Amino acid sequence: MSTFGLIEYKDASPAVKAVYDDIMATRKTDYINNFWKAIAHDPALLKRTWEDLKALMGPGALDPLTKELLYIAVSVTNNCHYCIASHTASAFAKGMTPEMFKELQAVIGMANETNKLVTGYQVAVDARFQPPLEINKK
Amino acid sequence: MSTFGLIEYKDASPAVKAVYDDIMATRKTDYINNFWKAIAHDPALLKRTWEDLKALMGPGALDPLTKELLYIAVSVTNNCHYCIASHTASAFAKGMTPEMFKELQAVIGMANETNKLVTGYQVAVDARFQPPLEINKK
Amino acid sequence: MSTFGLIEYKDASPAVKAVYDDIMATRKTDYINNFWKAIAHDPALLKRTWEDLKALMGPGALDPLTKELLYIAVSVTNNCHYCIASHTASAFAKGMTPEMFKELQAVIGMANETNKLVTGYQVAVDARFQPPLEINKK
Amino acid sequence: MSTFGLIEYKDASPAVKAVYDDIMATRKTDYINNFWKAIAHDPALLKRTWEDLKALMGPGALDPLTKELLYIAVSVTNNCHYCIASHTASAFAKGMTPEMFKELQAVIGMANETNKLVTGYQVAVDARFQPPLEINKK
Amino acid sequence: MSTFGLIEYKDASPAVKAVYDDIMATRKTDYINNFWKAIAHDPALLKRTWEDLKALMGPGALDPLTKELLYIAVSVTNNCHYCIASHTASAFAKGMTPEMFKELQAVIGMANETNKLVTGYQVAVDARFQPPLEINKK
Amino acid sequence: MSTFGLIEYKDASPAVKAVYDDIMATRKTDYINNFWKAIAHDPALLKRTWEDLKALMGPGALDPLTKELLYIAVSVTNNCHYCIASHTASAFAKGMTPEMFKELQAVIGMANETNKLVTGYQVAVDARFQPPLEINKK
């Protein structure tokens, strides 16, 4: 459910159906998850979000599984339960092993801890970490 | 600087020096960054944090570079400037290319956006995403 | 429910009843929502919070509906489900249309995205954005 | 500055220049702020972010000034200093008065407070606030 | 500085001066810190915030130093640098020892870590932790 | 439940059983809460987290109850429902009175409010608050 209810395929406008069709074709499934059915109330948002996500989460400089792990890291830090549940499921579907899941959670936990130690001790950034980095000296 | 000032090697107790030595040996550098010099006021915390980090950030089910990317994703979401600066520098040192950096930032940005769309639309978790996942059915 | 249970009107002290009466009179309703019944365990907090909120959320330099939208923007960013549910209901009651709701969510999503792009790219504030602004040059 | 340095107009590729030109034409200014010059390292991200922002922040069901106020509310809650500085400047440029600025900050502060009171008292959502709302009963 | 500049005592209205006088008398100092000089642009907010803070941060069921520690814990978790700096200074002034400071930071760090482990592992609340607690069974 | 299900005592490996035994002996209970049963999938994390927590949350420069209050302050600010429920129960078990609970929540709420007022008004840190503090001048 969502504030506006979920828009099922049979009730969708042609513009929304076109996005649903592309989601199902791209993911090789006949299932549309609730997120898409909720934001389908805003067809422009649905189309833009899906197209951006499809372009971004596919193969690139980072592989698709790494991107799912990054999504989980952000979602856990933001405490977004829906996002954690859906991207954890996606990551397992894309090959995340239980060992990877455990290391992922341990890294997320430790990063959240050291982020706060740095902050509480009011540590200034080392001069050598400040941009511009070497990469700009070409 | 930090609330208590930074503890330099020459002023450190033997327990702190031992950790500093291990940091420099492990990282093949003679540089200790400010974070360690700040939390060195609490030698037990210094030792535990370094040992956990050393164990966790090395090779495992996830490779060291992937873990740096995850650290950046958490740090950006938490808005921890020190952590972003230091782990971005580490990630470049471990082989992150500019193309990887850009995809990383785009994924972090989009994850933060869709996290909030899910939340604002009050989307319920799909039954199929709820634990236990298939992985438990052995 | 809450840690201490909810305080119903019939069980309330005179000080709490006085606040409940003012809430119902101000809102032209006979319903007191759970938030007030929970913090009624602390009558001073109840009185102060209600009076501040009544003064702040009424007409002023910003209209009441705009303030509800701002409340939703904060609550979504904080991931506070109760607050999202209650203020989304209030906003609809005060005239938010479905079109406004959709734009609101899209803006919240995008702001969360660009907040993180700025942070991850470690962008320094433009000199012209730094305070004091023109408004102080009188 | 940013991790990669800022891309100035004279050094930009044609694709980046085209976005810069559109920013300047749309905003009737010859100034490009640091955010755009930083993410210009990723021309696809630059183009998509600018086009989405241009479409979203213009007139619609919500007026442009209200959207700037929402952006500030998100940015303050996220603690994004760059975003606060730039959108506060934009809001003043679009007509925010000092009185509006003050009410805005007071609402943001209070929303952050009551968000946490709700959370700390572990208040359950009132049945009447749970979706679906009346708006779906058509 | 702040968006509107800081309001110094000599430039303040009588209403603002009255609050400044009470701050200095209560704190036995002739120094008004920047926070108050910034929100003095909104005299109603200044008066309300100071009075609430004065009432809340004094002796009560919790002692004043414990409340400063709690303030630091919230401020570190929120990443509010001003608040961390000012309340760390206050806590030292109220008797926080270096040993207490270090334990405080270690607890804040660990709480942030375990908060995220709970979230990432999607752990359901134990029935015995759910409200109502025994305290309501009277 | 958790993504991997909960590991009950009877199904646990000897390494996990040893931690469970220590938890029960330390806490003088025969109950292991879900958090430990969830992270028991990662025995190294379980052991490290329990040992760190046991060392940190016992008596020290801060008393155990104060540390539970700090844990609650972090957990509420992070919006971690499990953590709020479990540490609120622990705090009551360690002697938190209803009066203390109420002051705690009021402080957490107000700290979250003033954190955001500081941020929204873009207040610069007073020179006297900036480290190093007097404590370093020995």
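As written, the chains take the letters A, B, C, D, E and F, and residue 1 is the first residue of each chain.
Rule of thumb we're sticking to: a residue touches a chain if its C-beta (ideal position, glycine included) is under 8 Å from a C-beta of that chain, and two chains touch if they have at least 3 such contacts.
All values derive from a computational prediction rather than experimental measurement.
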When chain B is superposed on chain D by its C-alpha atoms, the rotation angle in degrees, nearest 5: 120
Greatest separation from chain F - chain, by CA centre: D
Which of C-F and A-E has more C-beta pairs touching across its chains: A-E
Furthest chain, CA centroid comparison against chain C: B
Centre-of-Cα separation between chain F and chain B, whole angstrom: 20
Whole-Å gap separating chain A and chain C, where each centre is the average of the chain's CA atoms: 28
Overlap residues in chain E, where contacts from two or more other chains coincide: 1-4, 39, 41, 45, 52, 77-81, 85, 88, 98, 102, 104-106, 108-110, 112-115, 117, 119, 121-122, 131, 133, 135
List of chain F residues in touch with chain A within their complex: 3-4, 39, 41-42, 45, 78-80, 131
Chain D residues within the chain C interface of the complex: 1-4, 31, 33-35, 38-39, 41, 45, 49, 52-53, 56-57, 60-62, 66-67, 69-71, 73-75, 77-78, 80-83, 85-86, 88-89, 92, 97-100, 102-104, 106-108, 110-115, 117-119, 121-126, 128-131, 133-135
Complex contacts: residues of chain E adjacent to chain A: 72, 76-77, 79, 81, 84-85, 88, 104-105, 108-110, 112-117, 119-122
Touching residues (chain side chain B, partner chain D) in the complex: 79, 88, 98, 101-102, 105-106, 109, 122
